[in-house]
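Below is one structure, written out as structure tokens; comments come after it.
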Amino acid sequence: MLEVSGISAFYGKHRALDGVSLNVERGEIVVILGANGAGKTTLLNAVAGVVHAEPGARIAISGKDSAVRELSGMPAHAIVEAGIALVPEGRGIFGELTVRENLLLGAYPPRARANEAANLDMVLGLFPRLQERLKQTVRTMSGGEQQMVAIGRALMSAPDVLLLDEPSLGLSPIMCGELFHILARIRQSGLGILLVEQNARQSLAIADRGYIIANGRIVGSGTAEALKTDPAVQRAYLGAGEVKA
Amino acid sequence: MSKRSLAALALAAAAMGALCAGAQAQDTIKIGWAISKTGPFAAGAAVTTLPNYQVWVKDVNDAGGIKVGNKKMKIEVIEYDDRSNSEEMIKAVERLATQDKVDFILPPWSTGMNLAAAPIFNKLGYPQLAVTANTNKATEFTKRWPNLTFWLGLPSEIVDGIVETFAKMNKDGKIGKKVAMVAVADQFGIEQSTAAREGLKKAGFEIVYDKSYPFGSQDLQPVLKDAQAANPDVLLAFSYPPDTFALTDTAKVIGFNPKVFFVGVGTAFPGYKGKFQANAEGVMGIGGSDAALPGIKWYIQHHKEVIGREPDRWASPITYASLQVLQQAIERVGKIDRAAVIKEINTGSFDTIIGKVKLVDGQNKNIWAVGQWQGNDFFGVAPLNKAGAKPVIAKPAWQ
Amino acid sequence: MSPRSIGLAGAVLVAVAAAAALPLVGSGYHLALGISLLYFSVLATAWALFSGPTNLVSLATAAFFGIGAYTTAVLTELLPWPVVLAASAVVGIVVALIVGLSTLRLSGMYFVIFSFGLAELIRQVVTWYEVNIHGSVGRYIFADTTTEGIYWRLMILLAMALGAGWLIRRSRLGLAVRVIGQDEVVARHVGIDTTRAKLALFAVSAGFMTVTGAVMAPRWTYLDPAIAFNPVISFEVVIMALFGGAGSLFGPLLGAVPLVLLFDVLGAYFPTYFSVILGLVFVFIVYGLPHGVIGLLESKVAALRRASLETGMSAFAERVTGPVWSRAAAHEPATDAPVLELIDARKSFGGLKAVDGVSFTLNRGEILGLIGPNGSGKTTALNLISGAIPADAGDIRLDGKAIEALPPHRIAQRGVARTFQLVRVLPASTCLENVIAGLAFHAPPLWGEPADEKARALIARVGLAGREGMPAGQLTYIDQKRLELARALALDPHVLLLDEWLAGLNPSELQDGIALVKMLRQEGLTIIIVEHVMDAIRSLCDRCVVMNTGRKIAEGPPAAVLADPEVIRAYLGDADA
Amino acid sequence: MTLTLDILLSGLVLGGMYALIALGLTLQYGIARIINLSYGEFLIAAAFGALFLYTGMAVNPILGMIVVVPAAFVSNWLLYQVVLMPLVRRAKNQGMLEVDSILGTFGVLFVIQGVMLVTFGGSLQSYSYLSVPVYILGTTLALNRILALVFALIIGGVLYLFLTRTRYGTALRAVAVNPAAAQLTGIDIRAASALAFATGGAIVGAGGVLISMFLTFSAAMGVVFTMKALIVVIMGGIGNMLGALIAGVLLGISETAVARLVDPGLTIAVTYALFLGVLLWRPTGLFGRPAR
């Protein structure tokens, strides 16, 4: 569904991404693992068109109609219309606006307008907690609730692929668990999910596949089952020392 | 280079030389001015000063030019924009004198500009007919700078006319003794109101409200409401055109109907009548004209033909008259001799559209202090003993 | 002096002499034009003294200019000329100090419009005073001065303004505001009292504007608030300085001169269409010269300079030339007392408890690793120590003395230096200046030749020898990190805080980086590192403090804490949620 | 008591005018992030438009808005797309865009002013429309000034509804609050900015028409209104519609109160003193958020 190949990006003078390739299929959760600063966020931003990718990269998506669309070089708002929704690190919500407004803005792209009402019901079904807070200003909500708004807003754009950047950041363990359950449910609707996450174990528990990224390069990949026991994962976070799990 | 092209070159050079020589043997008279075409002063200059310069130049050139000696010289104009900035104005005047070498320079607009220009005009030896300048120190300045002349009368003279008018109305039993006075907080407003305060007190009037407001105020209703609350017989406002319009408008709206409604600068603008129509009737202001004078009649009609609208009835006719004086002075001297022209302006007697003009201490005394809208014109009513003064009428209530 | 610089000096001298002789040979118009050129040049130069380096666009020029003009109007018949000018300077500076103290915390557009409002307020108050107290709005000035005198005074004033600009640029004050303009956070962390520096410069700039007004006033014979406080002057000066390039000494001059000439030419030849043409010229200038006139010149120069810089790079491995950091030996008390103590430090943002009662100590000469997953509060803890963010509660002691209430520049002066998570160099400054910024504001400050020498040594030390003259913004990411470290070391710190300093390095660079930190420790420096590169933590740290969700969850040797199940859970999460 | 009521009502009417002037600029600066120094020139141009329609073609100014407002919208949209877009594109950060837009719109200011000077001349213009008294709670007010207040409230209200109740309006607010995130919801930030800028222009067009009914104006006066609008916008907090309304009314009432109770000579001084005081108390305006 999402095909990325040979994507490179610079952060100022720093080469943050170096020829990364990956793919995400329908109904699949793919997790990207790696230490801080490895290039995970840059990868998602480059796919979403927020960060300029070096020429030569290929980003393509085939939606429900199976037509393949080339996305490289397109502005961010057009990429949303093409079916990719990013929930950025730090959530990127509109703090001064209400929950309802945030969610309805998610349906701003023309692709999502027809099913706006149905999608809103779907989102509120996923996050019942938002139902009673539709009129609340998002800035005044807790971190977990804000994260729900952010994910809900992305879902409102009826995406084919959902990109999530550290959704568990700043959430309590209980909230975190809830979140991962919901991601698993979202996947059932046929979306592809590309997830960047610190919480390796929890994300591997719901993921189908994963990539390990270090210094802007993919250094390992495999099924979630295989990665759960792969020492490379722990090395990516805790270094090469002896570790008793 | 061939001989032929050399010859052509020589011919061209000769032609150039002839052209230059032609320019040197002067048949035109160069007149320059630096005036505010942009910036805050542009509005004032565009009403009173610039149109009269244009009308006069056209008139002179249509008549074949100024007669200098036995030759008629047409006017060639050089115009600069001083952008309402004293320093720019000074620079432009220097440029006119030293670069363009103009024969005469017409003055800028406003008291401040004319005073800033005075030392330069004096140093360069040009006559300065400072029509739109109004200061009580006029006598002192004309002594300091003998080339400088004033034309609008002293603030004190204007105030004398005002007080005289009010006193007469009081004596005739038309108004009581209570005056509300309002002034714009700049030199014009303050000088006039200071003089008026003294004059009115001396004449036994009681000033029941006396405030100034800043230039650029966008709502004068508070001022008028307090003035109205003091229940005066007279509203005396030394205001600028936007405020003059606003004061009238507001007074009408809040139903403030003093027996004398005196506002201005701006009352004498044709636009005032245009805006307020019948409500202008009886409103007084500075200036005025003697519409019975044939010169004024001709001037108003002529100004309308050339510029497309009527002139104001205060400084405009005087501006035009000052230019007539300049022209006559040049013609009498018979050559471009600025020192002689200055002397002639100061000592001679001239026939102009406003009647006979003879400067005293470099000041024109042929002025109207108070004018009043009566019917379709803004007539001079004071000084009361001036020839042609119309009797004052009582102002009807706003319609 | 080289023959070339003698030639240059000679040319400048001839130009100045020619300019000074203008009143003797030129016409009145030339003189008037000269006065326009000079007074705008002085105003634009003075404006850029403050606004250039700080990037705070001030529209208060008319206020100070007007104050100067009024001082002349009031005093000119009472006092001799030099005293009038001195008095105006004093009045201007005093007003600037009062205004500056209250306004310098405003930023961006708020400052711009505030400064405009200030000028208008002063104008209104002066008007009110003149009307109600003085009894007349206009003032006449009959000073005993000539146009030539005004011209020459302005020339002297311009020379003084340029001289002041030159001196300030070379002074610690100049460096301080250059640092502030580029990065106020860095400025505080190298020990700069930012308020004082800005205030000083604002006052100097205002002083020149005021004196310009005082010098110009007699030219107009008559003065009222509309003339003295003409707001158009403020706008014109901003436009001229920005057009020329406010960041450099001669930039405003390069803006003022062509624009005054342009105004003059357009005003002379197109009096009717002046506005339209001027507007169009302006729009085209904005497109054509995005960095001002000086930018045009500098880009040419920079291209030449860059070509010559490509040579002379040294590898990271070959520069360890001996200890540069030497404080321990010189003036450290030899006690076992901890260098730094955090006792129950707390900080919340809104509802989020970023640091939630954290305590730890830092012993002399050790490297302490502060680790934990993303968002666990490590950087906030560093910010509390360096004073970047004030703590809500808790004590922080440096050498036994409380520092939690001190502003960051005081903490920096007491010997806490840091690097930043997202590298913060001063991009427009040279590498040398970046490091000198670290030397010039600690106690006792190092300045001039010794500072140069030490900065060069530090630059060589981190492997950047040969790039002293290069703007820091042109360095690669890794080199910017090195430079940032050099600047921190320049502070001569007791305690060095490294916030993810090793992040983003490739494996060989990482080894070099680790070696460098080790060496610093051997030289006796005490260090806290916040780091995600665990291999570095293992090989560098004596001890680790592990944080999660704002709390300390473990403390001990790296191998032990990294094997702690709770730490592993913090990093990798629970499989079962 | 009557005096207090009188001051409050008159102040409200004056404040309504200030708010009216400022509303368009909050859109242009708050959402499109352009400091438009030529803002006041558009106001004056609209005033000239109204004058021309009224005196030349006997079209009353209220009806005249049907022509003037769309014209203002289109010309501002073009201004953004043609003149400002290249600056937006090349700006690396907000600071750069601010400097460039100040310089660029400064040029535009001169062009528009120059065209008006050449076309209409520099003299003062004034006409009378709806200058009739209205009596409210014992206070006399001018109908045309009340109309300006009413329009300020209507425009403010419609704008509020547009911004809060419609998809496009919410998108505009999203751009103001967080442009980076806005593009992630599929909003074309540049198109939205152009729309906001043009809408701001349309509002100032309406303001120009209304104000021309009771203020004397001239081609050179635009800057006065630009600065007044900037003061109201900054005082209210950049991009805050409600803030602009409240700041405008606050200025109007305090000006009127000082004129009646203290000294009319201090009215403008009070405007600035109040403005400076608010900024010293809250460095980002009454309802401003801390700088991002």
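The letters A, B, C and D name the chains in turn, as written, and every chain counts its residues from 1.
Basically, a residue touches a chain if its C-beta (ideal position, glycine included) is under 8 Å from a C-beta of that chain, and two chains touch if they have at least 3 such contacts.
Treat the numbers as computed from the prediction; the structure is a model and nothing was measured.
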item: Result of counting contacting C-beta pairs for A-D and B-D, higher pair; value: B-D
item: Centroid comparison with chain D (C-alpha atoms), farthest chain; value: A
item: Between chain D and chain C, distance of the C-alpha-averaged centres to the nearest whole Å; value: 35
item: Gap in Å, rounded to a whole number, between the CA centres of chain D and chain A; value: 42
item: Whole-Å gap between the CA centroids of chain B and chain C; value: 54
item: For chain B, residues contacting two or more additional chains; value: 37-40, 84, 185, 212, 214
item: Residues within chain A bordering two or more other chains; value: none
item: Touching two or more other chains - residue numbers and ranges from chain C; value: 124, 127-128, 131-132, 272, 274-275
item: Every chain pair meeting the contact rule; value: A-C, A-D, B-C, B-D, C-D
item: Residues of chain C touching chain D in the complex; value: 55, 57, 102-103, 105-110, 113-114, 116-118, 120-121, 124-125, 127-128, 131-132, 231, 235, 238-239, 242-243, 272-283, 285-287, 290
item: Contact set on chain D toward chain B in their complex; value: 6-7, 10, 14, 17, 113-114, 117, 121-128, 131-133, 140-142, 145, 214-221, 224, 252, 255-256, 259-260, 263-269
item: Chain C - residues contacting chain A, complex; value: 351-352, 373-375, 475-478, 480, 500, 503-504, 506-507, 532-538, 549, 558-559, 562-563, 565, 568, 571-577
item: Chain A - residues contacting chain C, complex; value: 11-16, 35-37, 142-143, 166, 168-170, 172-173, 176-177, 180-181, 198-205, 215, 228, 233-234, 237-245
item: Complex contacts: residues of chain D adjacent to chain A; value: 164, 167, 170-171, 173-174, 177-178, 180-189, 289
